[in-house]
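After the structure tokens below, expect a handful of questions from me.
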Amino acid sequence: MTENQKPRPDGRAADELREIVIEPGWSKQAEGSALISFGGTKVLCTASVMPKVPRWLMGSGKGWVTAEYSMLPRSTNERMDRESVKGRIGGRTHEISRLIGRSLRAVVDLKALGEISITVDCDVLQADGGTRTASITGAYVALVQAIEWAKEQKRIPASAKPLIDSVAAVSVGIVGGQPVLDLPYVEDSAADTDMNVVVTGRGLFVEVQGTAEEAPFDKRELDQLLELAVGGCATLSQKQSEALSA
Amino acid sequence: MTENQKPRPDGRAADELREIVIEPGWSKQAEGSALISFGGTKVLCTASVMPKVPRWLMGSGKGWVTAEYSMLPRSTNERMDRESVKGRIGGRTHEISRLIGRSLRAVVDLKALGEISITVDCDVLQADGGTRTASITGAYVALVQAIEWAKEQKRIPASAKPLIDSVAAVSVGIVGGQPVLDLPYVEDSAADTDMNVVVTGRGLFVEVQGTAEEAPFDKRELDQLLELAVGGCATLSQKQSEALSA
Amino acid sequence: MTENQKPRPDGRAADELREIVIEPGWSKQAEGSALISFGGTKVLCTASVMPKVPRWLMGSGKGWVTAEYSMLPRSTNERMDRESVKGRIGGRTHEISRLIGRSLRAVVDLKALGEISITVDCDVLQADGGTRTASITGAYVALVQAIEWAKEQKRIPASAKPLIDSVAAVSVGIVGGQPVLDLPYVEDSAADTDMNVVVTGRGLFVEVQGTAEEAPFDKRELDQLLELAVGGCATLSQKQSEALSA
Amino acid sequence: MTENQKPRPDGRAADELREIVIEPGWSKQAEGSALISFGGTKVLCTASVMPKVPRWLMGSGKGWVTAEYSMLPRSTNERMDRESVKGRIGGRTHEISRLIGRSLRAVVDLKALGEISITVDCDVLQADGGTRTASITGAYVALVQAIEWAKEQKRIPASAKPLIDSVAAVSVGIVGGQPVLDLPYVEDSAADTDMNVVVTGRGLFVEVQGTAEEAPFDKRELDQLLELAVGGCATLSQKQSEALSA
Amino acid sequence: MTENQKPRPDGRAADELREIVIEPGWSKQAEGSALISFGGTKVLCTASVMPKVPRWLMGSGKGWVTAEYSMLPRSTNERMDRESVKGRIGGRTHEISRLIGRSLRAVVDLKALGEISITVDCDVLQADGGTRTASITGAYVALVQAIEWAKEQKRIPASAKPLIDSVAAVSVGIVGGQPVLDLPYVEDSAADTDMNVVVTGRGLFVEVQGTAEEAPFDKRELDQLLELAVGGCATLSQKQSEALSA
Amino acid sequence: MTENQKPRPDGRAADELREIVIEPGWSKQAEGSALISFGGTKVLCTASVMPKVPRWLMGSGKGWVTAEYSMLPRSTNERMDRESVKGRIGGRTHEISRLIGRSLRAVVDLKALGEISITVDCDVLQADGGTRTASITGAYVALVQAIEWAKEQKRIPASAKPLIDSVAAVSVGIVGGQPVLDLPYVEDSAADTDMNVVVTGRGLFVEVQGTAEEAPFDKRELDQLLELAVGGCATLSQKQSEALSA
């Protein structure tokens, strides 16, 4: 932090993550699960293995990994109507579900999975910014457990290696002119630019989604944000390893 | 337990509840909340206060209390499709939401509440039988907190007494010929008769919903079940008091 | 009726049913049917036999019985929007459809039925309280006719006995402190407690659904209501027999 | 009937209506009603008066008349799924509802009605061909009663004359080369050309909807069909008058 | 035009069509297509061939032809909400889709088509009255191309003759007392009577849909309108031939 | 193009756009419109001005700009079901509608717009890759026209400057190891990485959405793609100016 920068609302350094807690195996019902917290954001991720694939993959020998994201109605500061009550899923929900699914598939060898499907549900119990990045990071942990379960159950050959890398995600943004890592709601709603970055354990990009909320951004700002994100994801990747080996 | 009765799968006595845990104030966002467990059944109950009432009550001086029940897709042993994805709410979900709402309203003086609404969301994180009775029992705790919050915020006059009693609920059933209290999934699915009973702190009935799943039942069996339920609710009522005074 | 009890709006004794009329075979199209009246409440019940079962029963050798309840938009005092126009079925409709289906299945031996389905539609043409209990009582008559039709058509073996008992239902409630039988709308909307009781021809309980609308109730009141209901259902059971043997 | 014409399945002459029965005031709840039968086709028509108009007419001084048509699931030979269960209204239902509404509005002076709405529900209890024409014919009777009720209730000035004519409808078609009146299902499904004609009491056309089901038709056939329809509607108009003056 | 008749808003004679432009093969993706203009009304018609039929035709040896009509949200003077956003298709859309489908099937020998389906989508890009008649007229052109494609692809035997006639449609109406052909929006909204007529190349009627918008009409007016329509369709039929042979 | 690079399927250079055609004012009905082609991709963009804002902006003095994207059912190689028929909007449609809206708002000063709304509909008539980027580029042209219209109509003060920059978008991707600009469907479906970039006339980023379809990408590849995109958008920006000044 340079001298003339304003401190962040929670006192963190610009490149510092919130407190990250990962509780693997939280659910007794699911084949894989993790309750993950990025500060006040809490997401329950559960992975379900099903012995069939979508129609377009039948007979292909390939498996499928997908995700569904949802927020509890009172995960937010003001209660939202349930999408089941409204009878339709909102655009934002669809968009995030698709993002999580793509991010997971980027590190899975679908051929090695064989013809099974894994659905990872990411239900936000409490929301304080970064729910999609916490979901991706927790979903990976649930996915690893589900794949291990499938190997134990001999649904995947013991020799198969469906996971080709790990994956984590973090938000970055420009707030008050300063690039910062892992924005809580109070920073997120004040950001000029907001970016969600999905990075593999090896440091490669899976998704880069940058949006100018208030002011378009230039290449230098983009580079600063990407650097912060890569650093944050490296730490998250380390947390995932620790949780899974615990 | 008479001598020739078979032991229950989890070794409990016929009139014994599962382990009951109530964590009040679990949510940082809601005006009232409780994470409640009846053994392996875990329900997150959050109460939201809104400064308006449904149209038919506008100008009546009366408030409203309602509830919405939902299960996470992987709260169960096999993953269920989300109702938001299906685009419609199932009959069972509607029925339980209505039951929870009626049970709460039975102990609330809506006139004393004034023209505000309280919605209690009961989201089942893990299901092992008795999700509706755990929801009612936890929802009451969240409701009490929300009413206290509304008093602190002067949305309800300090002198108002909107709560006229407390309320809790438990399932009872006849399994293998024996009346038992608080059925987990394994007993529930084998029961001849299944009954959900909602009882106030003073021991009065709010709802009695008995269903012959396999065999119609007679008056003597009904009386045995009601006696078990009244005893169980008295214990739950005590747990609610302890949680709220903690 | 004790001396100090107020007379009922329609002059009936507390334990007296409204005029019950059952017209079996009202529909020329359905395999079974009955137009049933409980006073001003009129329900058209039609039973349809289909040569297949829901997916989860295929190959089980068992049949299925289900019901759908609906109110015509102007069956009530004020016109309601159609659920088909609203695009979704309300909670109350779902709940009653499920109740009718369970009540019928309680007296059917699904194995003896074989792999056929019977759907009983209960469409309320005119509503004046007790629409769900009239529906159950009329649906049984339509069901019996449909089973007879299926035997004639040799869809069920002549020797099979799919009906193990008969079933009828009636509402009871506490109005102005007095337990009364078979409530019309004017009493129903003023009741402290409202109970729907489904009883077999042999006098066993299939469903007991008591709800404290205004004031929770005690065991003595519950017993009084159940006694009224058992008496009312015995009379209804007699009316069903007469209609079917006509 | 010329010598070489085949007799109709029910023995009627080519220009003969089925038995027409109109029971006005069938419903105790609605402001106007009629149970109408065209042979085996039975439709319950109820008219509801509401003291408001659709948004686009507010402040115009004009009223509105609309209709909703629906078939009970087992009004037909094979049970149909309910549109409320499917969650959407089919094209045919929409089309017929719109036709009935237009037909009624053709004989109503909306200015004389004043800013009230009348909705006529036409629910087919039993279907044997001609359900839309029976609906229009019965809906007119219910509408007349509802307008009389509104005058008695002083919702319409006593001096107002909202009805400028009467309206009835009938189906005609070419079956086996022969133009015939009022087709039951068995003829309707075998017709080469099917036409629904809506005619006022004065003999003017409101709707002419002719459809070549199997073979396109020429001007001479069209003229024959229209002549049959005008004759049939004159008889129906007479039946309406008798029913309303009874 | 008699001497005392008022000129039409666009100066046309009463029996004159608007400028008709047909661009066959507009789409590079569809098996058949046409962009058709009736003056300011522009409809894109695309025909899609699919190697399967609806369930009720499977194994019958017959094919199927169907149509879907839709308006772009800003094809009209005021933007309409999309039906996909509203989540349901309006009655008018359903009705017109069904009309187009029936009109096309009237000139197709479904047996000669064999078990394939052709869906013709008619999307209104710009609306100025007569969208349904332009749709039918353009849909026929797209259908002919699709059938030719299917023959080239050997999905239909080269010797088969699935087209038994051609089909076109036009609107006619009585505006200011005068029968006129092919009404633009400004005339359509002022018409006393509005009629859509579908006529084959041989001059036979497929559909006659006349509606009294303001005033019921008599037989003489009906005859005048039909004569105008038959003349207009003959011209349209000629334009279709020219477009297809270009 | 280095020597060992494979030529693109349509022979373009890696940094070359497809043929871009913009027809401003295509629609006679809308306040602004453009038919835009990126090669075989054709999108009709229409802008509608409405004198009201969404509820959350009422009284704020700010306007709103939003967009809706949709594909005609046969814009693609295989016919898709309409979302209106399915009764729900898919995730991809939602996501792209939101992207277009955000992109337009990034160059609009909502305060200067005043309390009016502009909805830009982007309907894909023919799809060959890059439909979302063509939509954004064409939507900007329609938006400019609509704002000019609003100024002429004095709905926006003549002195107001609601447009603070222009905006265009293009797809880039890595195909066969080579970064390429403006991918048609055949390249898009074979790309390892796919990125949509939205750039203002001044060269600033509004959105950067990069997705690893097959293989995660590194920072060097990201930089190459961004450079291609910035160049492509500069050309598109020039085409927009020419179209608007024509």
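The first chain written gets the first letter, and so on, giving A, B, C, D, E and F; residue counts start at 1 in each chain.
Here is the rule we use: a residue touches a chain if its C-beta (ideal position, glycine included) is under 8 Å from a C-beta of that chain, and two chains touch if they have at least 3 such contacts.
Per UniProt, the chains are A, B, C, D, E, F = Ribonuclease PH.
No experiment lies behind these values; they were computed from the predicted model shown.
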item	value
Mutual neighbours - chains that touch subunit B (Ribonuclease PH) and subunit F (Ribonuclease PH) alike	A
Partner chains that subunit B (Ribonuclease PH) and subunit E (Ribonuclease PH) have in common	none
Chain at maximum distance from subunit B (Ribonuclease PH), centres defined as averaged CA atoms	E
Chain of greatest Cα-centre distance to subunit A (Ribonuclease PH)	D
Computed distance of Cα centres, subunit C (Ribonuclease PH) from subunit A (Ribonuclease PH), in Å	51
Shared interface positions of subunit E (Ribonuclease PH), touching two or more other chains	87-89
Ring walk, subunit A (Ribonuclease PH) to subunit B (Ribonuclease PH) and onward	A, B, C, D, E, F
Interfacial residue positions of subunit F (Ribonuclease PH) with respect to subunit A (Ribonuclease PH) in the complex	88-92, 94-95, 97-98, 102, 106, 165, 195, 200, 202-212, 216-219, 222, 226
Subunit C (Ribonuclease PH)-facing residues of subunit D (Ribonuclease PH), complex	27-30, 33, 40, 44, 46, 48, 50, 68, 70, 72-77, 79, 82-89, 93, 119, 121, 123, 125-127
